[in-house]
Structures are given as C-alpha cells and as structure tokens.
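Two complexes, one shared chain (chain A), two partners (chain B, chain C).
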Partner chain A sequence: MDKVLSNKKIIALYVLPSLLLILGVVYIPIILTGYYGLNKWNGISAMSYIGFENYLALAKDSAFWSSAWHSLLLALFSTLSLVIYLAVAMVLATRIKGANLFRKIYLIPMLLSSVAIAQLWLKIYHPTNGIVNSFLQSIGIANPPAWLADTSLVLPALFIPILWQYAGFYILIYYAALKNIPASLEEAAKIDGANALQIAWKIKLPLAMEVIKVTIVLAVVGSLKYFDLIYVMTDGGPNGASEVMASYMYRVAFRAYDFGYGSAIGFFLLVICLIITWVIRKLTATKDTIQYS
Partner chain B sequence: MISGTAGQLQSGPASSGAALGRKIGYGLLYIILILVAVLQLLPLVWLLFFSLKNNQEVFNLPPFSLPMDPKWANYSKVWNAGNINVYFLNSVWVTVLATALTVILGSLVTYAVTRMKWKGSSFVLGLFMVAMMIPVHSTLIPLFSVYNKIGLTDHPLSLIFSYVAFNMPITIMILLGFYYALPREVEEAAVIDGCSVNRMFAQIVFPMTSSVLATTAIINMIYNWNEFIFVNTFISSDIYKTLTVGVQNFIGQYTTDWGAIGATLMISILPILITFLFLSDKIVEGIAAGSVKG
Partner chain C sequence: MFKKKWTMLLLTSLCLALVLGGCGSKGNNGGASQGGGEATGNQVTVSFMHLWPEGVSAGQNKIVNQIITEYQNENPNVKIKQEVLDNEQYKNKLKVLSASNELPDVGVTWAAGFLQPYVEGNLFAPVDDLLNGELNGKFVAGTTEAYNIDGKTYALPLEFNIAPVYYNKAIFAKYNLEVPQTYEQFKQVVKTLSDNGVAPIALGNKDRWTGSLWYMYMADRIAGQQTLANAISGSASFKEEGLIKAATEVQALVDSNAFVKGFNGLSNEEAKSEFLNDKAAMYMMGSWDLPNFTTNEEIPQEFRNNVGFFKFPTVEGGEGDINSWVGGPGVGLFVGENSKVKDEAKKFVEYFVTKWGEQSVTGAGVIPATKVDTSNLELPQLYIDLFNEMNQASSVTLFADVQMPANAAETHLNMIQALFGKAVTPEKFSEEHDAAIAKGQ
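Moving on, here comes the complex of A and B:
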C-alpha cells in the first residue's frame, strides 16, 4: 500500500499542474508586484530602477491616504454590521419554523454579480426616479439628496448595498455555528432559570466565538480589498470621496499608466492584508478550545 | 435580542399568560425575519417590475405598481441588440471550462495530499491555503503584463488560468474535509488486488466524492459567472467579453432606457437565480462549507 502510494511520478502528475498554475498566477505575480514597485514604468517602455521612490511617494500621497481611510471606514462598518447579522442569525436559530426558507432568501443578493448589484443600486439611488428618493418625496421631503453625487453622503450610501449584499452570507455562517451548539446546553440553562437573552449572551455567544473571529477576518480583509461595487457605482467619485485602496490602484495603473506606482500600491495592499489577518488571528487566538460537552 | 421577551414573559405567574407571552414573542421574531426577507428581496422585485415597463411607466407610475401590459419586448430587444447573446455564451463556456478544470485539478491535489506519502506535502498544501489570503488586485498588474508578453491578453485563456488558480484554494479546502473522512478500506482492498493508483483514483475515489464535487462545482460556478475584474482588465474585444463586463458596457450606452437596463440585468442574473431555485440546498451547504472552516 505505502509503496503504491509513494510513486513519485504519479504524485508529480497529480500535483504539478495545479502547483505551476498557482505559482504562475498567484505567487510569482506578487513577487513581481514588489519588484515593479521599485521601478518607474508606464507598462510599455523600459523599466527604470528607482529604489524606494514609489513607496516614499506613496507615504506623501494624500489621495492614497484618503482612499486608505475610506477602506478602513468600510472595514469598521463591515465589522460593526456583523452584530446585526449575528442578531438575525440568533433569531433564526431559535428553532423557528421556516428558518431554512428564510436563510435561503437572505442569501440571494450574495449570488448575484457585483455589476448587476451595482447597476441596480445606481437606479435605487437615482436622484429623481430611484425608489429611495421616490419614497422620501412621497412622505413630503421635497428635495431629497443626490446620494451618490454628494461628497459627504456617497460613502454611507455605498455601505448600504454592501451590507445588503453580504447579509445572507454572514447570517448563514452564524446560523450554521449556532445550530452546532447542542440543544441540551440550552435546556440545562433553562432549567436553571436563565432567560432567552441570558442564554444568547452567556452560552451561545461564547460558543460561537471561534466562528465570529473567522468572520471578523473575512470582513476586515474583504473590506480592505473591496473594489467591484464601488468601481461600477461611483468609480471613486465624486472627487475621490469614495475612492478605496483597490480602486485607487486600478486608476493609477490602468488609467494613468503608472504601473510602477500602481504596483507599489498593490504591494502595500498585499502586506496590509497579510499583516491584518495575522494580527487579528493573534489577538483573538484562544489558548484552550471550547468543549461542547 | 428580542428573543428575551419570550423568555421573560414566560416567567409570569399565570400559565395562560405565559402561553400568550410566548406567542407574542414568536410573533415578534417572525416579524423581524420577514422584515429582513422583504429588505433582501424588494430591490430585486423592483428590478423585475421596471424591466417590464417603458420609461413613461417607470417615471409616472408608483415604483411597485405592476406594468399594465408587461413589455417582454424589452427582453427580446436587448437580447438581439448589442452583443448580450455573445457575452452570455462566453460566460457559459468560460464558467463551465474553468469550473471543470478547477474541480478535477483540485481533486488530484487533494488526493495526493491526503492519501499519498511524500515529503513536502504539507508545504504544498500550505502554499494553496495561504493563497486564499492574497488579494486579487496585488497580482493584477504583473498578470496583465505577463499575459501581454505571451499574447494571452484579449484571450479567454487568461480568464481560465486566473479563475482556476484563484478558486483552487477554496476548492481544495472544501474537498480536504471530505477526503479525510473517506474510509480507506476500499482502497486497501483494491491495492491488494493489484489496482494502480490512477485506476484507484479514477474509478474508486473520484466517483465516491460526487456529492462534495457538486458542492465545490456550484461555488466555482457562482464565482466564475460573476467575475468582473479579470475580464475588465484582460479582455478588450467584444467577442470575448463575458456577461458581467458586457452588461456594464451595454448599460453605459443606454443609460436612459430603464426598461432595457432592467431586462439586461435580469438576463444576467436569471441563470444564477434559476440554479438557486433548483439547487438551493447544495448552494447553502457549499457556501457554509467554504467559509466556516476558514
């Protein structure tokens, strides 16, 4: 058995195609991104090595830092919205009839392409004919704001569809985690006189903590690299008010043809994502895993 | 949070009062759940409605009024005008090909990692798992320049390579749990009977994983069907564009015809919605499996 299963040729045959693909499409490109970042390059003519100039420029680029700030706000907002998702999942997990149907309905937006969602929400926010402003006008607000054209409103206006898009995904994850908690624990607590709120807070929440940590990493890292919806809905505008790190990188590289500087931003994005993943995992690491029984 | 109400009311003295309290409590829970469901669906219902109206109806009738005579012509118009049918077919075959490749290659790797004995297997597995944390955008510029050099920009292969590589980690992760749980007895018996590894994988193990393969295939299909940034960056010819980017360009040209825009968006999301209607359990299971283990 062991001999058959350690045939080197067959192992190579099974692993190499995928390994070459992931090295070629993921790992070599991130090394190249770091390298391009050290060059002045417009993508066409020859590269010229300039050391850390791009990175120094990045440190002084206020447009970049404002995009980083917007990404950070999105990460904060996404993490806070996890509380809402968790609360809905708690309600859904209270042995209620039709829970299955509800979580399927919640998931639908998550299945649709960002472009379709973005185009739909562009219409929802349409200044005169969108449902938001039609509703506001019908309740007597004569001049509702032009949400996506207003520099102070555009970012919160973009956060709502993001909340909407991911609701079902996180509710589903939390629901699965809560369902894994044995009913016997809840019953024992009930016999001891705990009410539903105490059970949720003292029993369900701690037992779902591992999954909550994973979702925090997903939400923060997902927010830092967020791109599609914002690119389609506002393209970072008006006047950079909704620019995030990934959209800024895209603009610098593929619109301004500054591939060197764009790569520096891309590399920064990579490092930030890896560091934050690592930090969150460290901060939330538990020494002893929770036993259910 | 509201669930507290049910519990607290329940501890009242009269038992009939407790029953009533529980009923009110559950009623409140249902109201919350239904409210969330309505919020999740309302934008899509509105989309369906305006995809069947002309501009006059969109602007003059209340938003959620049904169109008097549904303008199905909006659908035939956008299907034939522009290149929606071309984009649609491109999406279909790129999605199918990339999904099939990912699932097959992912299965081979997972088999080699879980069943076969070799140095470096955990390192290779680690490479795939770490790749999950790497943002697509950090690879975009070099991928574009390398594809450009080898003549793959504006070529569907650039999409297929990228989709397979970036979906490989999550695919392997879902498969891993299943492979670890597969009993080894059948394979041992097969080896004793002189079965080769290739035959064992192709005729015994691979078929045994069909249920988890369906799950991973669905997850891959949804990702690939909806992918935007790679198509937007690598593909410039209309004949190779997929639906997401095609829809975006198409709408850019018809910004004022709401019925046409609605119909285009409906066409782009219908395949996913129909798949969901038939396979919702598998999809829910797949998304849960693909995320919780993270």
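Moving on, here comes the complex of A and C:
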C-alpha cells in the first residue's frame, strides 16, 4: 500500500479528478467572472472589452455602497450575536436539566431551508394578519408598523430571522468545542476554588479560542455573501432599503441584463471576502496554541 | 503488490469514468434542446420550449398538447419535441441557451424590452413572412407592433392583456358606492371605504410592476397617451407637467390610505389574497387574472359572482379618455435564427397561433392576440364584457417595464417603489427616469 501511494503517477491519478473538478467548477469561473467584469455584456449578444470601466463605475455607484453597508451591518450583528451563542452553548454544555431538548430546539431552524424560513417569517411580519402585529394590537398599539414595507425597519426585521436561522449551527459548534475540554481541568479549577464565571472566562474561553476564530470568519464571510432569505422576503426592497451586495449583484446581472457590471460586483465581493478573512486571521493570530491533551 | 496496484488503478479509473460520465449525462440533458431540430430523411423534429407546466397552467398545457397532437396528425413527417419549464426557470434557461447558441427551434418570448437583446444578438428569426401570409389581418391591432424592432417582427403574440380595476360588488353595495366615472368620484369611494375601515385597494408593490400600473393610468389620464409614450421612448421628458402631476397624484392616493397597509412589502399574491378574502374592495390587475374571477373552482362561487370591473376613471382637465388602456401582449412565439429546420418551425408557429386563438378562449380563459368571434361561444359574462371593452379601446399603452430596455425598466420599477413609499419627490422621480432612458441599453 505504501509503495502504491508513494508512486507519483498513482498520486496524480488520485488527485487529478477532484483537482479538475474544483478547477473547472470553482477557480476557472472565478477567473472568468473577473474577466467578464472587464466587458460590457448583456449576457446574450457579443461582449465588448471596456477595461476597468465597470470597476470604476462601482466606486461611484451609491446603490452598491448602500448595499455594501447593509452587508457590513449584517456581518457586524452576526459577529456580535456569536457572544450570545457562545453563552448559550456554555450553559448547555454544563449538566443542566433538559439540555438535550434545548439543543434540539436551537437546531431546528437549521433543518429548514431558507425559503421555508422566509415564508414563515413573511407570515409572522404580515402587516395586518401577522403574529407580531396581532400581538402589538392586542396590547393596545393601534397602528403597528408594516415591518417589511418600512425603509427604516426592514433591515433589523430581516436580521432577526437570519440570526435565528444560524443560531443552532454556531451553538452546535461551540457545544462540541466545549465538550472537548477535558473535565479534569474544570475539576482541578473547582478544587482551587474557582467559581463558574472564572472557569468560563479563564479556562473554557481560551480553550475554545481556535474554534471561535473560525466561527468569526464564517459569520463575517457568510454575512457578506448572504442572499437567499433577503431575496425571498423583500427582494432588496422597499426602495433598496434591504439590498445587500449579493442581491444587488443578482439584480444587476439578471434583471437589468448587465452581466459585465454584475460580474464586476461578484469579483469585488470575492476580493472583499478574501481581504476580510485575511485581516481577521491576522488580528486573531496567537503565537502559542494551547494544548490540553 | 502488483495485484493491489492494478486494483487501485482500476478503481481510480472507475471513479474517473463515473465523474466524467456524470458530466456527460448532464450534457445530454441540456442537449434535449440543443441546436434545435434535426432532419433525417423526410422525418423532421422541431424542438419547442414553453412555460405552461401541467401543474401551474393546466388549461394552457392541455391546449398546447392538443395543438401539437393535431399538428403531428396533419403533418406525419414532423415531430414536435416539447420542453416545459416554470416561468422564472424558463427565463433563466433561455438566457443560458442563448449564450451557448443552443436555442430551441420554437420558443416563448416577451415583447419589446425583453426581446431586444435577443434580436441584437441575432438569435431570433424575423417572422414578417408569416405576418404577410395566412395570418395577415388576424391579429388585434397593436399586438404585433410590440414585437417589432427596426421594422422587423421577431415573434407572434399569443395573448393580449389589458388592466381593469376589479372591484367587490358586495362591499360597494354595503357602503352605497357607485362605480366611479371620474377621478373625483374615485377619490370619494376611496375615502368612504377608508373611513369605514375597509382597505380600498389591494396592491402588492413588492413586485413593483403592480404599482407601475397605477402610475401608468394616472399618467395616461392626466398627460395623455402620446405624452406618456414619448417620455418612455425618450423623445420627450418625464418632466412634462402632466407626468409630474401624475406622480404627485400617486403620492396623494398613498396619503389618503388608498392602498392596503404595508403594500410596499407585500407581494402581488399576498395582496391578491386580501382582495379574494373580501378584505380589500378594489384590485387592479391584468386580464390574465380573469379565470380567478370567472371559472376557477378553487375560489368560492359566491366571491366570483361578486366581482365586477371598471375602467380607470377620467381625470378632470386631463388629456386621456376613459377607453384608453394600459396593457399589452403577453407572451409570443419566436423562431430560432440558427434553427436547422426554420421552415418547419415557422409553419408550426403559424399553425399554433391560429389554433391557440380559438382554443385558449374557452380552454384557458385567456384573451388571445388574434381576433376571435365570441358570439357563438358560451363564456362567463365578465369575460365577454372585458373582451368587448377591449375591442372599443381607443389606445393601449404597453406596460412600461415591458416597453423599456431592461436597464431602464429596472430603474423605472425601483422608482415606482420609491414613489409609493414617498422616498422620492415627483421631480426626482422624473429626473431618474429621464437619466435612465437617456442612458439606453
């Protein structure tokens, strides 16, 4: 077996199929997208090369920057909500009653598809029959807002289901990380007289740090390219108030038939994601990793 | 060891074959519509891609199949190969197919702005010869023009739609309301309904084109059809006094609570359900919704009996008359420019359009683009009434988002939502329109 695997031809044979696949499906399209961004192209007739015009237009496009701002806000809120997820995971990881049940409750939104969640929340936010407004009316607010139609409320109204949707995912990751910490460490700390808060802060948090870093990257990059729920629930509206970068890209490319400009947005989005990932990695870099096994 | 090595090699090549095979079979699926038909001997296959799946458009689907069966019986050497997709999927697939130059021989398209890039890309064949042939004079005036670009017609329309205001007779009766003839009366109706806590108009403006209908009528009635048409085509400005006034009136309607609560966040379907559930009194929509108010068994008979329609009222001192409509042809059939069986495809289109006209009226309750004598057909009264109104139309203004090129249409739709949401002033609304239309594309 070892002999087989050290044979360069065999290695190439193993690596090649998936390499070709990932090149063809991921990397070549990325390069092509960058190239389409240099063209004026409606997706149907012939392309014409215009250099960096699309990318320069992007800099002056206020609709794009407002969508970028919305994406950034989403990234910020997703990152902040990680704290809550971590806190919940810490509670669940201790032996409390019904931890199993809670874990399932948090996880269920993850099992639903985004479109189903969107439909669900559309009903919840319905201006007249929705559960939110029915409740508000029942406690005496005669004229509750129309959540998804109000330009100043639509963004927070969308963030709630998005954060709710991913809660289970992050809680599960944190839960697994916390469960991985040997119980002996906690016991030793207890014997030394540490209280629950000290254990959480001084032992659990540092030991889960590697996982936390990964989740920050996931949350930020995931937010920047977020699309589906917003597309179904508001389609970027009303009047662009809930447009994010990905939905703006879709609108430009598939609605306004401007594939060149749409590709430029897509490529820019990729570059931003790469830069931000790199920055986060740099900021959170630690020299020594903690060993506990 | 040697044996093992060969086993591994074998396994690997098997994996590779599977991967490649996977790709290959995908390619074949796509190839169902590839490059269109093939002619072997006398036997000809014409590929036909349309958007009436059985589940969604049962009536249309049945008619399509009937026509195809009849055609194949009459022309035993021709085989029609269907590919059926959902509306949104259809649009996307059409785009992908045209990028790889593999359009079907015959397919469905929309008019004007939608058509333009395909024509510029030399993908659709002109069908003027058909228009001058047997079909000459069979189309309702104003339908084929929407498919005309630079003097050539690139598709033959199947449907024709106009947008009336449907209203709930029971609600109107309850508050002693009359069908409004003038805009003043209309505003009075809105006020009475809103004072009594009934939502006057169901509008799902998340979809944006729904709000566009209201603006179009307002512009037509105040500034006149010609002014509006000129502004859309770019030969005049949206800053014309009448057009600005129309935008102002739209915002005045919003201020008087004419539309259902949260209309800018509701989809057309959600808004329609307010109308269908007796919660809103009026609903402006294209005549394609007629079956819902006449023959659709899923909607209670009691409600269907209560639905009437009226023409958008005239505005005092405005230019437009009451018989001028906003509407336009629905979908039409195109023939692929690169089709290998163009002649057969054209023949099929000619046949299809003729048959469709007769059968779609009774079978699907849609109004065809070809002239049909309805006097001998048993049809719902609402349908006949609207049909007659259409024949008296003094002018029909094509839906703005269909008429404009895709880019400008997108700006128009965004501006509509902004106008209804009071995020722009009528002046800014006009400015943005002019800028987008001047930019072209």
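Heads up, the rule we're going with is that the second predicted complex is superposed on the first by the 273 of 293 C-alpha atoms of A that agree within 3 Å, B and C clash if a C-alpha of one lies under 4 Å from a C-alpha of the other, contacts with A are read in each partner's own complex, and residues count from 1 in each chain.
Assume a contact is a pair of C-beta atoms (placed from the backbone, for glycine too) under 8 Å apart; a residue touches a chain by one contact, two chains touch by 3 or more.
Given the structure is predicted, the values throughout are model-derived calculations rather than measurements.
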Partner chain(s) touched by A:P17 [first = chain B, second = chain C, both, neither]: both
Which superposed partner A:S152 touches (first chain B, second chain C, both, neither): neither
Touched partner set for A:D258, first chain B, second chain C, both or neither: second
First, second, both or neither for A:V25, with chain B first and chain C second: first
First, second, both or neither for A:G237, with chain B first and chain C second: second
Contacts of A:S62 with chain B and chain C, given as first, second, both or neither: neither
Contacts of A:I108 with chain B and chain C, given as first, second, both or neither: first
Which superposed partner A:S48 touches (first chain B, second chain C, both, neither): neither
Chain A residues touched by each partner, larger count belonging to chain B or chain C: B
Set of chain A residues, in rising order, touched by both chain B and chain C: 1, 4, 7, 10, 13-14, 17, 21, 43, 254
Contact footprint of chain A on chain B as seen in their complex: 1-8, 10-11, 26, 29-30, 32-33, 36-37, 39-41, 43-44, 46-47, 50, 58-59, 62-63, 105-106, 108-109, 111-113, 115-118, 124, 127-128, 131, 133-146, 161-162, 164-166, 168-169, 187-188, 191, 196-198, 201, 222, 225-226, 228-229, 233, 243-245, 247-248, 251, 258, 261, 265, 268-269, 272-273, 276, 280, 283-284, 287-288, 291-292, 294
Footprint of chain C on chain A - complex, ascending: 1, 3-4, 7, 10, 13-14, 16-17, 21, 42-46, 122, 125-128, 146-151, 154, 234-235, 237-240, 251, 254-258
Residue ranges of chain C touching chain A (in the complex, touch as defined): 1, 4-5, 8-9, 12, 15-16, 19, 92, 95, 98-99, 117-118, 120-123, 205-206, 208, 260-266, 270, 274, 279, 406-407, 409-410, 414, 417-418, 421, 423, 441
Complex contact set, residues of chain A against chain B: 1-2, 4-8, 10-11, 13-15, 17-19, 21-30, 32-33, 36, 43, 87-88, 90-92, 94, 96, 98, 102-116, 119-121, 123-124, 129, 131, 134-135, 164, 167-169, 172-173, 176-177, 194-200, 211, 214, 217-218, 221, 224-225, 227-228, 232, 246, 249-250, 253-254, 259, 262-263, 266-267, 269-270, 273-274, 277
